[in-house]
Amino acid sequence: MDNSPSAAGDATVIRVDGLAKQYRVFDKREGLAASIRGLFHRESRVVDALRGVDLTVQRGEFVALLGPNGAGKTTFLKLLSGIITPSAGTATVLGHVPWERADAFRRRFALVMGQRNQLWWDLPAAESFRLHREIYRIEPARFTRTRDELVELLDVGGLVNRPVRELSLGERMKLELVAALLHEPEVLFLDEPTIGLDVVAQHTIHRFLRHVRTERHVTVVLTTHYMKDVAALCERLVVITRGSILYDGSLEGIVDRFTSHKIVTLDLDETPDRGRIERFGFPCEIRGPRVTLRIDRDRIADVLPGLLRDEPVRDISVEDVPLEEIVAGLFRGASAAPESGA
Amino acid sequence: MSETAARPFAGLRAWWTMLSICIEERLAYRGDFILGTAMRFLPIVTQVFLWTAVFGATARGDIAGYSRDDIVAYYLLTMVARAFSSMPGLAGGIARSVRDGSIKKYLVQPVDYVGYLLAARIAHKLVYYLVAALPFAAIFFVCRGFFPPLPDATTVAAFVLSLVLSFLLGFFMEATLGMLGFWFLEVSSVIFAYMLVQYLLSGHMFPIDMLTGIPTGIPGVSLADLVRWLPFEYTAYFPAAVWLGKVRGWALVRALAIEAGWVVAMALCCRLAWRRGTRRYSAFGG
Amino acid sequence: MRRYLGIFLTFARACLVRDMTFRANFLLECVTSLGWMSMNLAFYLLVFTFTPEIGRGTGWTREPFFAFVATGLIVNSIVQAFFMPSAEELTEMVRSGGLDSVLVQPLDAQFLLSLHRVEYSSLANGLVGVGLLGWAVSRFTAPPPAIAWLLYPLLVACGVAILYALIIMLAAATILLGRNQSLYDFWFYLTNFSRYPAEIYAGPWGGPIRMICTFVIPILLVVNVPARVIAQPFSAGSWTPIGGAVLAAAVMLVVSRLVFQAALAKYRSASS
């Protein structure tokens, strides 16, 4: 395991300044007449996939990139891994400019894309691993040790010698992860690693990624649509919408910043009267004797004693607004914003 | 046949929708398309140069009844015939939809699959002619010197009829081939083999008349006779031969009748393959 | 260099394993490509029933012409076996984003993209080509001199290099355009010009074709130069085309590399 500091000489692994990416897209109009017009002239417009993003990631951090489809998450990840070049701004990963695609850089990170298969389809994964060894020039003894360790962690020993096409999606994903980590990268980029997987496979992958991070000190940046991934793995959350960073901070921070209330669930003796209950807070749901109330955070200490005194409460729980809801709200707010640029 | 052909025209609106989608699709990939149409003439160019060199090296004025100019005209005319009879992607598309299961869609929707394919193909072809007419016209104009004087109206009518029949023949042959996918998982090799045979025996490569002197081992039967018993020549050689006046009078009528016979036979084959295939598919497939 | 050889051997091995897993398919592929070839040979035999020579005074009588055809088979089978399958896959890789995973690997992208698949069945034609060459040469009135045998493999390699460079340029076009359905068609039609002796391109139309296909897109050097060396009398004048083929191969390789690099720099990746 190479634990030497990056060429930048400090613990900063990723530094991004004003990174922007524009695409030129050609409009395809519906209809016959439009198609014929398109024969002579194609209208194009510029789309901002990413507009001036700043971000710094320290060694060993686990960062989740969150955002609705088309927000620019994958574009961001592609820029960081040097697949595409930006329109403006700078970035260094491990002291390298990614899109220069230096071998010295590419040997030190890995990219796993959940929707794409990088293993050889018709062959056992073991063959792909061998190829990896050649490409990354991994020393044979080290290769064997790392491979066996990873295979054991993910419990995929029985799968490496079966043709990849015969495996399930979850099994393939695990083997993808093994392949990606064979050369012991210092930075791991994951693009929707748990997409389409069942709960058990998701859990295995969560456990594995936690291990990778704590034992191997790998810096991980992951994009996902699942809050479960975020809750299980990341302390740091970066929400991207419309190509800009909307929030960058801790999981708890997002709750504090974007919600002003808590969710109080009550089990009463009987179905309450709506008017009575409304004195304490906004009733989201009244289902028989079970009531869900939204109460302002500032007021909660004042309201609860009265509630417990006046109402026949059997059980009570006070919770934060679910993360899903907060994030969905953030996304909605963003998409409601008028389109600018272009 | 009637059942197959009649239904798509009943839904004229649906057909028009399909046609316009087809045009849009074409135009979206117009760069590829224009390039593709122009490039299709390149092999002819090399063939023409080859035959010119052959005529240059031999003292004879004609080969199997073709002067050098006839040969140029012949190859250009087979291009027209192929524009009608070739069905790029048809067999492969059917086989693929059987393999990946998307054929199910047609088993549950109230459409006749063969009819749908035929309508789509007609739309496809019409669009092709619309766009390809220009390069074709330009090339024929440049090469007009190679052609004999314009034939009489009857010959032109027979030529057009032979083209329409060659379209139907090509369609039903390829569709039947594609339905082999119901029985065999991998038909791409069969399709390739068909293309080879088709290329060689349709007259696309050289006029069938050139095989006249070649013995087959069967007394009194030349290779050319053998090839004429097969349907392939109607997809390239025959229309060209009609235009060049190689087939005339009663022989022409007879040949057109035989071609129509082949169309009906292949359409029946196609129907049968579809019926048997879908039965087999719903029994074993999924 | 050794590392790249190692990687290539891994690819070659993996493709062999795959071909052997689908043995029936492999055999079918061999048979179909042999079928296509025999069909062409049959056509040439037919042509020679009408004429003793292709073009008056060109020296391309039956046996030399078949040596020419054999050379074409050898060159094309090498290209089809080692370079074409990868290039054909590239279109799909660009469309599906598979190219992304190539770009993050510490390896020359051109190497990986042009050599990651080997299609062994295409070598069948090459073997037939070698046999055909042997047969044709054994029937020559004068056997080729030693120098011709020495130069022949070199010039075949140059021919392969020129075709490879063209493939790389087409691949670059694929990367830039995002897709290119007619890549393979274009390839087929272009190389079609290299299938016959250059002498047939004569006259007001043939002259310019010959010039373009020699000096602009040197496709006519691919088969013609090695075939001439082996099948036509060797003289002092033979050296000019030989030098030309070597030079063309070198220039094409460099240019294609530059074009490919430029295309990669502009790669925009499939949308997320």
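All chains are identified by letter, namely A, B and C, in their written order; residue positions are counted from 1 within each chain.
Just so it is clear, a contact is a pair of C-beta atoms (placed from the backbone, for glycine too) under 8 Å apart; a residue touches a chain by one contact, two chains touch by 3 or more.
Just so it is clear, the structure is predicted and the values come from calculations on it, not from any experiment.
Counting hops only between chains that touch, subunit B reaches subunit C in a minimum of 1. Averaging C-alpha coordinates per chain and comparing to subunit A, the farthest chain turns out to be B. Nearest to the common centre of all protein CA atoms is the CA centroid of chain C. Inter-chain spacing, taken between the CA centroids of subunit B and subunit C, is 30 Å.
With each centre defined as the average position of its C-alpha atoms, the distance from subunit A to subunit C rounds to 46 Å. For the pair subunit A and subunit B, the distance between mean C-alpha positions equals 53 Å. For subunit B, the set of residues touching two or more other chains is empty. The part of subunit C that touches subunit B in the complex is made up of residues 25, 28-29, 31-32, 35-36, 39, 42-43, 46-47, 49-56, 58, 177, 180-182, 185-186, 189-190, 192-193, 195-196, 199-203, 206, 209.
Of all residues in subunit A, only 23, 69-70, 73-75, 78, 81-85, 101, 103-107, 109-111, 113, 116, 118, 120, 122-123, 127, 130-131, 134-137, 163, 191 touch subunit C in the complex they form. Listing the residues of subunit B that touch subunit C in their complex gives 29, 31-32, 35-36, 39-40, 42-43, 45-46, 49-50, 52-54, 56-58, 60, 63-64, 186, 189, 192-193, 196, 199-200, 205-206, 210-211, 213-214.
Only residues 3, 6-7, 10-11, 14, 17-18, 21-22, 96-98, 100-101, 103-107, 109, 265, 267-269, 272 of subunit C touch subunit A when the two sit together in their complex.
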